[in-house]
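Think of it as A, B, C and D in the order they're written, each chain with its own count starting at 1.
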Amino acid sequence: MDYNVADLSLAEFGRKELTLAEHEMPGLMEMRRRYADSQPLKGARVAGSLHMTIQTGVLIETLVALGADVRWATCNIFSTQDHAAAAIVVGNGTPEDPQGTPVFAWKGETLAEYWDEAEKVFDFTDAEGNRVGPNMLLDDGGDITLLVHKGVEFEKAGAVPGQDSTDNEEFKEVLRVLERSLANDPQRWTTIANGIKGVTEETTTGVLRLYDRFKEGSLLFPAINVNDSVTKSKFDNKYGCRHSLIDGLNRATDVMIGGKVAVVCGYGDVGKGCAESLRGQGARVIVTEIDPICALQAAMDGYEVKRLETVVDYADIFITTTGNFDIIRVEHFQRMKNQAIVGNIGHFDNEIDMAGLAKIPGIVKDEIKPQVHQWIFPGDDGAQGKKIIVLSEGRLLNLGNATGHPSFVMSNSFTNQVLAQIELFTKTDEYPVGVYVLPKHLDEEVARLHLDAIGVELTELSRAQADYLGVPVEGPYKADHYRY
Amino acid sequence: MDYNVADLSLAEFGRKELTLAEHEMPGLMEMRRRYADSQPLKGARVAGSLHMTIQTGVLIETLVALGADVRWATCNIFSTQDHAAAAIVVGNGTPEDPQGTPVFAWKGETLAEYWDEAEKVFDFTDAEGNRVGPNMLLDDGGDITLLVHKGVEFEKAGAVPGQDSTDNEEFKEVLRVLERSLANDPQRWTTIANGIKGVTEETTTGVLRLYDRFKEGSLLFPAINVNDSVTKSKFDNKYGCRHSLIDGLNRATDVMIGGKVAVVCGYGDVGKGCAESLRGQGARVIVTEIDPICALQAAMDGYEVKRLETVVDYADIFITTTGNFDIIRVEHFQRMKNQAIVGNIGHFDNEIDMAGLAKIPGIVKDEIKPQVHQWIFPGDDGAQGKKIIVLSEGRLLNLGNATGHPSFVMSNSFTNQVLAQIELFTKTDEYPVGVYVLPKHLDEEVARLHLDAIGVELTELSRAQADYLGVPVEGPYKADHYRY
Amino acid sequence: MDYNVADLSLAEFGRKELTLAEHEMPGLMEMRRRYADSQPLKGARVAGSLHMTIQTGVLIETLVALGADVRWATCNIFSTQDHAAAAIVVGNGTPEDPQGTPVFAWKGETLAEYWDEAEKVFDFTDAEGNRVGPNMLLDDGGDITLLVHKGVEFEKAGAVPGQDSTDNEEFKEVLRVLERSLANDPQRWTTIANGIKGVTEETTTGVLRLYDRFKEGSLLFPAINVNDSVTKSKFDNKYGCRHSLIDGLNRATDVMIGGKVAVVCGYGDVGKGCAESLRGQGARVIVTEIDPICALQAAMDGYEVKRLETVVDYADIFITTTGNFDIIRVEHFQRMKNQAIVGNIGHFDNEIDMAGLAKIPGIVKDEIKPQVHQWIFPGDDGAQGKKIIVLSEGRLLNLGNATGHPSFVMSNSFTNQVLAQIELFTKTDEYPVGVYVLPKHLDEEVARLHLDAIGVELTELSRAQADYLGVPVEGPYKADHYRY
Amino acid sequence: MDYNVADLSLAEFGRKELTLAEHEMPGLMEMRRRYADSQPLKGARVAGSLHMTIQTGVLIETLVALGADVRWATCNIFSTQDHAAAAIVVGNGTPEDPQGTPVFAWKGETLAEYWDEAEKVFDFTDAEGNRVGPNMLLDDGGDITLLVHKGVEFEKAGAVPGQDSTDNEEFKEVLRVLERSLANDPQRWTTIANGIKGVTEETTTGVLRLYDRFKEGSLLFPAINVNDSVTKSKFDNKYGCRHSLIDGLNRATDVMIGGKVAVVCGYGDVGKGCAESLRGQGARVIVTEIDPICALQAAMDGYEVKRLETVVDYADIFITTTGNFDIIRVEHFQRMKNQAIVGNIGHFDNEIDMAGLAKIPGIVKDEIKPQVHQWIFPGDDGAQGKKIIVLSEGRLLNLGNATGHPSFVMSNSFTNQVLAQIELFTKTDEYPVGVYVLPKHLDEEVARLHLDAIGVELTELSRAQADYLGVPVEGPYKADHYRY
């Protein structure tokens, strides 16, 4: 067993929280009920890379309940909840005799550990005891998809570029892992790729890369873009962040949000949720945007919309949500107030120029508590200058400083994941290489599975009304381009 | 001149309001500046059917400023602002010597008058003084598009069905007008249709019918679906209704909204705007929905979501926003409280079963003031029973009881209209018969034109950031399926 | 009959609206039911001065239903609703044979007319046909209270100062009316004052003056400060203005509030209501305040708090709510944007320096429609410069441009008025000269009377719980200093 | 040294957090600056009982900076932050040689420990090394005030009642401590009471008891009611709870608040803040109230107001805020949904009938994590039934499950505490036995000290404006009865 479960009570606590979370994840629980008999994922070997939280635990056990063999890593070095990992590993067994699912993740991995663990999800054993690769990927941010694609690329080229070919600390580790792999087996990733029926991808960032690969002709297997299901992008991104942003801020800093000036960089779904929650706590929110339509939306929603440069001197809290990079830069840090708080809830840590921050001459990084650092600027005459508080080292603050999105919203996202896994695994012929979204009737189904739990009564169309609108009584009700 | 401008002061008042509105419509004013020289609509004969308000006046004069010859009707018997109509007719002239644009609309037309006036927008005179049809349509709800299509259909059939072939009071009038037309000229509509380069359509309802026609192969000319520009559907529908719903309620009833229970039927863009404005006034909002995704959104936004039947007994205000029909029915009216208020802000008046209401035995319709009626139910022993207040006879209450959407939001919608007219008129070859949306860069351009006026500063992508995202620095920034 | 009721339909419309309003004023209707038999105001001659709206009509007829003889003027030259006035005059009679209550008010009086009419409410006729004064005053802003006090003061002095002793246009009219009165009867006001049992006063402004008079020893009769009943100040001021501010803005300008920058001067109860409603429409609200506690509240509620000078250049809408004077001055007007909108919802028109505005050289005042003017500044080279839109000439915009507060909230205020009239009239001995607030149990009673109408279920204290709190089961529940 | 500081890192972490908190507590820091020289609390021996958090740490060190000798206990067995306690004990010293302030508190005391520690704050040593009592009390909830008063009462009676004279578990401990004390020194509390110049009390609950004592003539020394300073009751109670309620809910349960039905029992300042924050997260909030005025406010703010019985079956979250007892009872628990969450943010744990809950036959209390328990009801046939999640065993959830109010809002409350301590200690003659609130100019001063930190610009009255209002230019600006 790869996961070190030294502490029985950790796993026990995790199992208790899994039970509580199941109640909040009606979509996944319905999947288990609905497919208990038919076992649509029987034969699937699912390699997963997604924040190893309690909610993900319910997802993993749902995949298993549908017949899948699963191995799991996380997609962020800080986001693992150790009690969740322990509980999944132990399953219904004990630490000595676990009967759960292998998990390769702990909170606070190094980058090197992260990529070493990521590689391990590709090591399945089939019924005959042979070492085989996965036939399905479930990805969040595209890291394991990247590993396969880069592996195949370098195997084709016959060599892995040297680690000094890149400045990117993380990509250096990818190169290291692949170099080791090629040394052991120069066709390993090619073989693995050939066996993969498809990947289901969770994030904006990961999806963007899939479309790019498809456009340039390098995509190796079909992909379902789960991110753009309405019940994912409009729920997880928006309502999930509405919940978890302030949760992360509170746990990290205990600073009063009311009365503060908070800058939200980006007004996509994530930014919309963040702005709403900050306002709900009495902050004055200022939005930055590059897209004129989103900027106009922010203004219509009553937010001030300015360039970061205009407001950086006096704002108290800065949150990046863009999916882009280099949003908060050294020039901005230099101008911030003492005890300004800076955090990222987009995907990658490069939204904030952490590398640039660390290079400011004389700056000192001081840990207040795990995932909360004050960067102490040099003051005059050798004194300490202002302090800037950075959360989760620029990585996802809602996962690093809190527990990520709550179960209910993740139940929506993950039910999409399960449906997507079933689609790709069972209807392989219908999905040639390409990037797909789930059909709208499945998207509506996901929503429908979550209504009872919160007391929603749905109105039913009469036949005449459905005919008037030109839609089936049972849906789908909207054209594909409908924006919700 | 068809429009009776008896009252100079009416036109003068209208011209003054046009000037004020121009300041609030920066998109349209930029169109005038940008195209002053190139005159892209020179040669266009635009037949328009759209609520004849001050904002529409600014649109009309923009089309004229771009070179078009224009004739205008309204698309709703109650929505005309007479001072707007008068001002457009007079233009820069006087009532005796008007130099404006022909308008065929007044507040409070009968259905017969409405369709008689609608027909008049097809009567252009060319440079040589010949009677010719329009070569462009600009439509809201599809009434003049219907007239052409039905005209062609009946001309092909050689006859118009008798008026008793339909129960629909409005369609009877359509048949009457077309019968008269065929009697005069059995090929008139066919000739007109052949000359039309395209139609630009404003509403969900109208667009639905265009797609239906295209699907069944009966669409006669290309159409641009302006409704689904983001800067239309997400602004006009949502933020426009947020403004005009409570304006209509207030002018009609003066009833305190705070503390009341308000039911919003439908949680599309219109419903979202309505719910927000009612909550902003302190009402407790309950939503009804048939679409599980929209229902879940409403719940996540903190609204109670119930069937109408569950809450009809105690709610104070009922607003329909669905685009569907038969939403509020006699069975609901029967159960409402005394002095419940019922209004529609969807498109057609059949969202509320006004016909059914009128047929309740013993019911009396009593006008409180124009567009506000109390329907007095029969009580016990011949006494008066409860009263239900119905706004605008079930038609669009924001137009019938207030002045419609405000200029700023209409500037977004109408700038889309102008751009769509230019597209279809100048790039005829690029648009074979079909239904199109405007390309995203034009949508973004519309938004961009409205930012300065409200003090929004837009952030600019660096080249590196744009490359990272894989978008041009100058946009468009989002994939077509992005939902905003 | 003093009121010119030329138009039967005006009175009929008014009677219809009175019926609708009665449904929204459960507190007043309960007063009628509760006191129908005991007639506690039998013998009361109530001189009233309060905005002559439909809601005031329900108040007047409630006073009459309780036995009072009533004469009424308005307290603002623009706030009269003519159909309300007509309906009250006609009562259940006809214009030819009215059986209602004398009203001396119409929309758009001159200042001279205003004070002439105000004087008329003091002219009662007793059962024997003798001319007598009122024995009760009901005041809003203190104008009729002022008339009595100044009358007595000048009668004591033996002369009225000349009109050129003041720069205040309004006070010149007071002097004119009193001069005429002293010429006719040099003891009239002294006699009237001796007969008055007390005054009930509605507004912050009027109350302030009563306390001042009491402090300086010049108050002539007891007063009940109705304004500081919780069910007045916290409801009428806050929730009433939340409703009527945007109603006034919309009817006056039709300008989109969403996305605009709106400055609210003052964050008392009125300012709180205004800020909430503007935000509810999507405006970005900036507050100005002089009181650090209210300023901190505004900041905690998420509003930007700045000096007017800091934001006057770029704000779109300016609303004064202070009860103070000289809030928006010429120096501010000079710096505003073109088409900035300026309105007052405090009490007196001197919150905005209208006199100063009018004196700007070259400025032109142009009426757009009644109560809406654009002040056109001189531009360069004789051209027109920017326009500033001023509502209701600086007077109460919610009354001048809309219909004032809605019935439901006024039912709270007016039920306090009725209870206060009963207190002073029936318990004369308990109220020596002084300024009083209503006891808390009456305040709670007013609230209680309004709960059923909006579906509120009140929890009841158990005896043990009441004992634990040390309050009676039936209330009052809070200490006098409790702030709600 | 009484406090066990085994862990240096705990104190170091606490000192770091104290530094961060100082930045968020501008009022307290200004007190230190302003009174650094004059040392107004020199000679004061302050016995304090107030949640031993980081914020309280800044308060304690401010009192010390003003010259006081201080000893501290907590007022709630769960609310102590151990790192805060450690840091205050250590002060600027080391665990081996601490130079700080004695603190007698740790997270998770038993009731017996709690009262034993409370007694220790009365043990000062004077300059000569004699054991003396405090001369000032600073209290939150009245526990140490109770100890003195009961001590004196029993000393006068000559005996302490037996512990079986009460059912109240907590009061049994009080009796035990006092019995021991009387055995040692039968006049100890009488002597202490004679030396006390006064108490400053923080909470609604504690204040209520002070007024009761004063009314019945048993109050032993003057008291300042800090709770009713506007800058306390309207800020700490409302905005503090707005922040800390959802923080507590999130840390305890990670349950999504959006879309849930949350019942807030009580709509005083605490309830108002709670309702706002729950709505800000997308919950649907239902309020219960006994006071018709507060109930009407809740309705006007758009909340549903019902009796608990009406909604207990379907609500997801229950929060008590009343200051009363027996709000959520066994009959309610019996009807709640599975996994309903129950918490208290009022003062005492008796708002929820925890004792009754524990007595339900067959019920099992299971700890999920510290301060979070699921109470598992017996199901059919011996199976587990529904689970109800109770936070902090019914005590203050924002302290037990989160870190209490944030520093900024506590800076307001605690600056009032400091000013009140100075008042009572330095102006002893001006305060005969009684209960006082701070004068308004001090209240305004507290607010003023917090404006700069959040960028608020205060407008200044001109002399003419101040005269017009009849207030000093520098304040106070409002009458005492003003409600804010």
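Following the convention adopted for this analysis, a contact is a pair of C-beta atoms (placed from the backbone, for glycine too) under 8 Å apart; a residue touches a chain by one contact, two chains touch by 3 or more.
For clarity, every value in this text was computed on a predicted model and none was experimentally measured.
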| item | value |
| --- | --- |
| Labels of chains that are neighbours to subunit A and to subunit B | C, D |
| Between C-D and A-D, the pair joined by more C-beta contacts | C-D |
| Interchain centroid distance [CA atoms averaged], subunit A/subunit C, Å | 57 |
| Intercentroid distance (Cα basis), subunit D paired with subunit C, Å | 42 |
| Sequence positions of subunit D contacting 2 or more other chains | 239, 258-259, 279, 282, 296, 299-300, 454 |
| Contacting residues of subunit A [partner subunit B, same complex] | 208, 211-212, 228, 230-231, 233-235, 238-239, 269, 288-300, 305-308, 310, 323-326, 412, 437, 443-445, 447-448, 450-451, 454-462, 464-465, 468-470, 475, 477-481, 483-484 |
| Sites on subunit A touched by subunit C in the complex | 258-259, 279, 282-285, 296, 299-304 |
| Sites on subunit B touched by subunit C in the complex | 13, 16-17, 20, 23-24, 54, 239, 242-243, 246-247, 250-251, 253-261, 276-277, 279-282, 314, 316, 338-339, 368-369, 374, 389, 402-403, 405-409, 454-455 |
